[in-house]
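Structures are listed in the sections that come next.
The same chain A turns up in both complexes below, where it pairs with chain B and then with chain C.
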Partner chain A sequence: MLKQVYTNESVLEATKRRIEAVFDDWENIVVSISGGKDSTVLAHLALQEAHKRNRKIGLFFLDEEVVYESTVNQIRYLMNLYPENTNKLWLQIELHLTNATSLTEGQLICWERGKHKIWMRSKEPDSIQYKPWDKEKETIRDKNKGFGFYDALDNFQNSRKDTCFLVGLRATESMNRWRAVAKNPGHKDWFWSTKGQNGNISAYPLYDWNFHDVWKYIYDNNLKYSKIYDYQFKKGLSINEIRVSSLIHEKSFKALVELPEFEPKTYDKLLKRVGGIAVGHLYGKDSKMLRTRKLPKNFKDWREYRDFLLSTYPDESKKWIFEKRFARHLDNNYVARQQCRQLLLNDYENNLPVKNDVDPIEKIKEKWRALL
Partner chain B sequence: MKLKSVKGNIELPCMEVILVPVEKVMANNYNPNRVPENNMKLLEQSIIDNGFCFPIVVIYDDVIDKYIVIDGFHRYTVLKERLQVKEIPVVVLKHDLSQRMAATVQFNRARGVHQVELMGDLVQALVNQGMEDEEIAKHLGMEYDEVYRLKQITGIAELFKNQTYSKSWQMMEVDENV
Partner chain C sequence: MIRIGFTQKQKQNIINDYLAEHSIKKIYCFYYKNFPYRYKVDTEIEYIEYADIEMYKYFYRLLEEIDDSSLIIIDELMRTQNRSELIYNCSHHYLNQTPHRIIFEYFPIIEDKEDFMILLNFENKNKYHGKSFDYVYLKDEDVIMYPRKLKLNIINVETTEKEKERYEKRKEKLFDTLGNKHPDTIPRDLQLFAGDCKKKAIESDKLYVARNKRLKLDNVHSYQEVEKRKDYIVVDFHYRRLNFNDFLKFTGITKIEYLCTQLSVDNVMVNEFIKWKARLDAIYAQASLYK
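After this line comes the complex of A and B, so read on.
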């Protein structure tokens, strides 16, 4: 059975060796960067190795337009750290993004043609502005949703061949994803890699780092990092729950609550760019409105609330998606609360799937009934 | 008295403040605004430090002969309960119920937020002028923890400089029967 076994090396020494091995075995290397702390460290380690060997590597950023200004600044910083060793792969193309805060504007198409006047900012002069792959071969995961973030990732990777994509995934951060990765090595005995198409692999050299290792590396090497981390820390978030996320999708709308305090200009531009932003700002952490933690007082249970939300759902063209989906579900309060959340967050794409299960309270009650 | 503006004349109720007995003022029953306890303390401190600068906005209900608060419910509460004054400065508007409800929300919502970074600069400036953390906490209505965090201009990375790197680990095939 596969188990974690500690070695005598530090994560830094071990990772330097992993990256050397990547450079030994792969001619084409692309680092995915997000503006966050992990990919900042990974990009710096890889760029140093590239510099030592006088080679060029790609830095890939998939730009969703609606991001913190601090993120954009961080990307520019990384792209210009070792210009002679960097291939800029800054992708700015139309993507269909979920907008969880608005019922009427459920999607935002970033970088949409003809709307350049209300884009959050202009495109970078040296970015990739057209899809760099064969239109004929383009794949889409979900046609209802349209061409989205993950489709761009898929198609970008598949447009390359014999390439090693470096990703800043850490096991302590996302245990589930890590388990999926560690199952099958993508190359040699590198259990920290996965196989892709066209002879590509993805590799995760930071897999064993803890968050304090990441911050220590940033301090020791005097690297810049996104200001959002300092803002969130000053606002009292505990240090291991701080994130630099996108601004509008169903898992990140909470970022809108504090956005005016962090980046007032970004917030103002976002207000003009897409609907629902003020709702996200005012109610992003409210237990009733968007997070669906408490039942509003006028409803006797979650099922009644769900029926009400469904009957008043404003977009007739999407209503059937919910009706069809819910018809397959159990009809209990546990399931109904999750359905309410999908309706309130306008999650017709099913990004926050409903656990279709017996109400756990019923199980507990049954246990007691049996005992008594 | 009126102010001329590009959008017509603007009324100036703030020039017609009157003092009324505290027992003739009462809250409205629809205000959704709630001020948390720590900010009530700050409000009290602000009134002590700066004086009462803005009158309470009310309407006069002649059926019950009372002034009903449209805006300033929490300042009214501080005056009445914490500072136990006898009279309250008010301006009287002539709004019907729907206008009053709208006005309450307008007054509550049309306000700004503090940019975190500038707030940090402000706290730093107070420290540089010799103000103690405790005083800052009291006068700005912050917990000591918030003052401390805002004072830290060094940033997150600095906190980890004395750490050592973790031990590396690998995934290995281990025979469970050993």
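After this line comes the complex of A and C, so read on.
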């Protein structure tokens, strides 16, 4: 198990030291920002160092179009904090996004050409609106899905050379993810970095921060932060639920439940922009619907429910993906519940993989049969 | 300090003594809603309910307020066996900010000795983080236990052949029609059946406790209705250990009288209780070695 070990140095001092080292060793520096609290802190720290050295760094935001208005405001704020030290890299290009809330409209093409009238908002006047890389060298992870969010990230990074990308990843958010990151240092002995292509690296100077370190920094430096955190705080959400995320993919659709309350105008625009939004709003936290925790009462078991969902799955072009995948799985209720979740969330990309295991309930049943 | 099994009056005295010896400006008392004890102190005291501990509206304010002049009382807060529970984690943040802490709990465990690590984590999270229980820790920390020695007295209830037959039939039916229900519901259901068979043994001049009001007798209370300091005879054990512990804590009962049929489910229930009692007694015995 990974453990946090405390030293005499504060995380802030250590991070400042790491960022100084980045500026010493790298000519080209780009901070990836999302509008969340972590990247806000990271961008501020990096910009301060850039200001001190009279240098310019890139602030990179990959705009998915369907985001909170508060996120957009936060990005504008960060991009204008130290304009003389900032290269704006606000990318607004066509992307295929997964829409977990609709079975008939499983994807949203954000910033789709010809549909500018229904875009959530106009593009920024100074954003990058065309792919800034050689089209012939463009890579796509999954051709069935089309050019997606991670493809844009990959291609953007690969289009640059000898660049250090700063990312606000924190180990306490996901220890397993951190373990994967920390395996091979990307530069010198910086175990808080990973190697990329073309001499690029990604570095994670905030890796050892806890969430309260982040909030303390924001408070101490009087920084603005996304209003969504305030709304969630007032709503009484617990610490692990408070986050600013995308609005429609399979791991974040729950945000739609509170969206009309937090940002009614964003919700209104989203309703017009893409199908399934009302479903996400009504059933995003419903245990019988999108959470798939309880079996609807008109089905005998999860297997029957899965068969029903599969037989009525509306998109014939994707149905075979589920059929082929499920054919490799065990046929029990434990697996079938997870398959139902994939079908309900239209997860043909297998982003929520099924744990193909024997039903643990069987063992408990055997125990009681022996005792009773 | 960790104090186990103390009465309300004893807890009040411990707090009074502590306040007399230390300069405390404010007390923060974390409690559970079913046991809302209030203490008489001259120092300012704020009571925060278990569920509120993780709430943002408390979290940041308390982190700002709590300092080395604050006393935190963790008053019977062991409500889940999950050591990583967010509410526990938030409590650790508060406790980290002051050396003054008193941890009260009625029983040292919920189910087994590993639960005691929850209390040790309250006392010193950094020291015990990720560690398994070891009896040596009872010596290392300021732990005093007042053992609640429990005694189980079985009152046998005659079971007819017809009842045994019906029990078997019901059992088979439950397994056959389990469907999507959790298998743990089978013993719970059979326990209710066994409880029904005990109705004939209920005497009108005694008080009983059962899982619900199905027996429709005035002297049979449900676990939600039990009254303080009354002697109850148990018709059905509560199926959640924590709730049964709450019942023992609330009534102060140490001699448990249990109506027991010859049906196998009662055998299981009694065995489970005896095993739990053995685990409890083991920790009491080890604790006494060091005091």
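Throughout what follows, the second predicted complex is superposed on the first by the 355 of 372 C-alpha atoms of A that agree within 3 Å, B and C clash if a C-alpha of one lies under 4 Å from a C-alpha of the other, contacts with A are read in each partner's own complex, and residues count from 1 in each chain.
Please note the rule applied: a residue touches a chain if its C-beta (ideal position, glycine included) is under 8 Å from a C-beta of that chain, and two chains touch if they have at least 3 such contacts.
These figures come from a predicted structure and were not determined experimentally.
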item	value
Touched partner set for A:Lys131, first chain B, second chain C, both or neither	neither
Chain B versus chain C as contact partner of A:Arg303, first or second or both or neither	neither
Touching partner for A:Lys318 - first (chain B), second (chain C), both, neither	neither
Which of chain B and chain C A:Ile361 touches, first, second, both or neither	second
Chain B versus chain C, judged by how many residues of chain A each one touches	B
Partner chain(s) touched by A:Arg369 [first = chain B, second = chain C, both, neither]	second
Touched partner set for A:Tyr6, first chain B, second chain C, both or neither	both
Touched partner set for A:Leu295, first chain B, second chain C, both or neither	second
Chain B versus chain C as contact partner of A:His329, first or second or both or neither	neither
First (chain B), second (chain C), both or neither touched by A:Trp215	both
Set intersection of chain A contacts, chain C complex versus chain B complex	1, 3, 6, 212, 215, 233, 236, 239, 242
Chain B-facing residues of chain A, complex	1-15, 182, 191-192, 208-210, 212-213, 215-216, 218-220, 223, 225, 227, 229-231, 233-236, 239, 242, 258, 260-262, 264
Touch list for chain C against partner chain A, complex	54-57, 59-60, 63, 86, 90, 93, 126, 129-130, 171, 175, 178-180, 182-184, 186-187, 190, 264-265, 268
Touching residues on chain B, where the partner in the complex is chain A	113-117, 119-120, 145-146, 149-150, 152, 155-161, 163-174, 176
Chain C contact footprint on chain A (complex, rising order)	1, 3, 6, 212, 215, 232-233, 236-240, 242, 295, 300-302, 333, 361, 364-365, 367-369, 371-372
